[in-house]
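Both of the next two complexes hold chain A, though its partner changes from chain B to chain C.
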Partner chain A sequence: MVSVGAAVKEPGSTRKNKTGSWRTFKPILDKEKCIECENCIMFCPEGCINNDYDIDYDYCKGCGICEEECPVKAIKMERE
Partner chain B sequence: MVLKVMSANQAIAEAVKLANPNVIPVYPITPQTTISEYLAKFVADGDIKAEYIRVESEHSAISACLGASGTGVRVFTATSSQGLALMHEIIFAAAGLRAPIVMADANRALSAPLSIWNDQQDSISERDSGWMQIYAENGQEALDSILISYRVSEDKKVLLPSMVCIDGFILTHTVEPVDVPGKEDVDKFLPLYKPDHAYLDPKRPMSIGTFTDPNYYMEARHDMEVALEGAKKVITKANSEFAEIFGRKYDFVEKYRSDDADIILVAMGSICSSIKDVVDELRDKGEKVGLVRVRVFRPFPTDEIYEAIKGASKIGVLDKNVSFSIGGVLHNEIKAKMDVDAYGFIVGLGGRDIKPEHIKEIIEKTKNPTTQSQWIGLNKEDI
Partner chain C sequence: MEISDKEFFAPGHRACAGCGATIGVRLALKVLGENTVAISATGCLEVISTPYPETAWEIPWMHVAFENAAAVASGVEAALKSQGKTDTTVVVFGGDGGTADIGLQALSGAMERGHNLIYICYDNEAYMNTGIQRSGATPYGASTTTSPHGKESFGEDKPKKNMPMIMAAHGVPYVATASISYPEDFMKKVKKAAEVEGPAYIHLQQPCTTGWGYNPAKTIELGRLAVETGSWILYEIEEGEFKVTYRPIQRRAVNEYLNAQKRFKHLTDLEKERIQSHVDAICIELKI
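Entry: the complex of A and B
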């Protein structure tokens, strides 16, 4: 629901805006292949991959940088 | 009632004094300049308790208005032509942020060629912004329209900005008797502005002017459409309360000897005074002609215009503006919304005089139409 003038009246409510809806391609991580090098964690511009290598699809916009940076090709981008 | 002789620019400044906005950012531009001068004097003399901001451009003027309005206070600005065009970006933002700003526009042609003289292209070009627009016929109406605009803009059901348009020089620089109402009566009609929808207050933090993704934008714009359509009821109520307190009755359209007219002209602004004289002259000769003056242009009063013109066999619409390759905007909007036999006439661009003989020519060409839209008053030897 948009308030009058699209004012945001709740501080810190940005997280409610699930920007994952922008995504066209979805990164799928094969944890069997993963060597836990942390490249994807460090390169993800949205901070969407945690230390257990779980991807937060609520906010992942599908940029594909993780796939590009994975040295063992454990991440594949799949069309939504 | 005490009538004072003044220009429409002074009448608008007097109205602003009565409405007492808290912030007035203005940049002077011909033919609006004397509005900014009167307001500067009123503030310097302590007649208006306001912050008068001497901004460096019109873009800054409307930006300062929007910022000030965002803190929850009443604001005012005025501009013209190139200044309004420079404001264009923030004009849309002000409507989208639902800031009830009231602005006066001294109607003047847009460059190029550069012209300081009157037509209505400047404000007509902002018609899609979400602002309400009133076109005044004289100084009294200019004053009254400022008060009505604050009342309607600040209504919780509306919350959209308003533009009061007065023809440059024809109204801004000619004087006529104007009744400046008393402060007590104005306070009855226009109470203090108490915002509650969105304003910056550290005790109630919020973000204004945020980025929206495709999940939100369309709803926000649809809300504006609903609000502008809903403004019609609020305008009607404001008009009737205004008439009760001040004795002057305004409507969306003004009908002048049009009830039984066979030919009706439709126009906006000061030219309507000349048309009324021509209508009187032709009525004396037994011709059934009349005028319907469109006063409120946004929200567009489709029903009110249609009711006023549907009885005529032919309609002539005068536009002091042109949307190139399609014709006058008012003519096209009437044609788009109503099943009437209406013909368009582009007149008075860049201050070209519209004389009684031109109005008679338009009436003749409405009676015997040869084309949907044509320009009247061109210097034949030049084309």
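Entry: the complex of A and C
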């Protein structure tokens, strides 16, 4: 088939681009305080907090939504 | 509600830190799951998710032009139907410019023809991708680069185009408004939209840190303020029946929402009062 335009055949390939380098402030989660409410997982624009509440710093841009939305203040933004 | 643990929108995309659009897409795809084809209109989402030769999408995705996302989706739906693949969901993500302005004709056609698809308009209330130009969905009073505030111009002087009601006028089986700050409400609506036979339209409000002018950490808070002040109302229209799906316990002053954003900073007290009384009139009618 003749393809007009462009096709990308590798799904999710933006993973090659580590957006963690954009970050100025880094979210640090205190798992002792965490009540596992899933707010940070739901509201992360990168989807880089997994179901075990591990933050993937390769991609976290440091927006701070997770700190803002944490109901028990278990996340603190720290300057890198 | 059954939602997928898997992410169908990969990180590494080029969205601004604190982007609301990507939150909306992530949540929608978690409900729709793997067996989904997505179509995008030109816009922020298209640009940030597919910097060639990369893509953030983990499901089949297609972009053609600004104006024809709904027409492309119609074709995809018809092709899947002729192959007997009726369990595949077709979803469109169009921005407010690609929906309320440029893509309106194609969208109207798709709705009127009755294609079985979901159209989600992620509404950040201006053309954010090209530099914050006003769109039909820009609200009254907002300063944008083509409706600036200053001596000669007040900011946007027209009210926001009522897109969900235009869609409802097509008589489609499901129309809803939603906000990324109320994920359960939004995801429930996406699920309903997927289950309904025929076209469904969801108008998703999504704060934009760059265009609205606020700290990126406040994206969810801004969306919440819009709803809690009655500036954005969450409702659904199912088979012609209108229902408000969320009522704030105590409606907050619109000022709280306006003052949190740079685009409304130039408004005088009188203008803010005018916006408040406009919001009051709608909320009183809907008993909010």
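We adopt the following convention: the second predicted complex is superposed on the first by the 67 of 80 C-alpha atoms of A that agree within 3 Å, B and C clash if a C-alpha of one lies under 4 Å from a C-alpha of the other, contacts with A are read in each partner's own complex, and residues count from 1 in each chain.
Quick note on the criterion: a residue touches a chain if its C-beta (ideal position, glycine included) is under 8 Å from a C-beta of that chain, and two chains touch if they have at least 3 such contacts.
Quantities reported herein were computed from a predicted structural model and do not represent experimental measurements.
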Next item on the list: Scan A:Asn51 for contacts with chain B and chain C and give back first, second, both or neither.
Entry: second
Next item on the list: Report the partner of chain A that touches more of its residues: chain B or chain C.
Entry: C
Next item on the list: State whether A:Ser21 touches chain B only (first), chain C only (second), both chains, or neither.
Entry: first
Margin query: Just checking: does A:Lys61 make contact with chain B only, chain C only, both, or neither of them? Give me first, second, both or neither.
Written below: second
Next item on the list: Determine, under the contact definition given at the top, whether A:Val4 touches first (chain B), second (chain C), both, or neither.
Entry: first
Notebook entry, point to check: Shared contact residues on chain A for chain B and chain C?
Noted result: 6, 8, 10-11, 17, 19, 22
Next item on the list: Going by the contact rule at the top, pick out the chain A residues touching chain B in the complex.
Entry: 1-11, 17, 19, 21-22
Check: In the complex of these two chains, what residues of chain C are touching chain A?
Finding: 5, 7, 9-15, 17-20, 22-23, 26-27, 49-59, 180, 183, 209, 215-221
Check: Where on chain B is chain A touching in the complex?
Finding: 96-99, 159, 197-198, 204-208, 210, 212-213, 215-216, 219-220, 223
Check: If you look only at chain A, which of its residues touch chain C in the complex?
Finding: 6, 8, 10-19, 22-23, 42-48, 51, 56, 58-59, 61-65, 67-69, 77
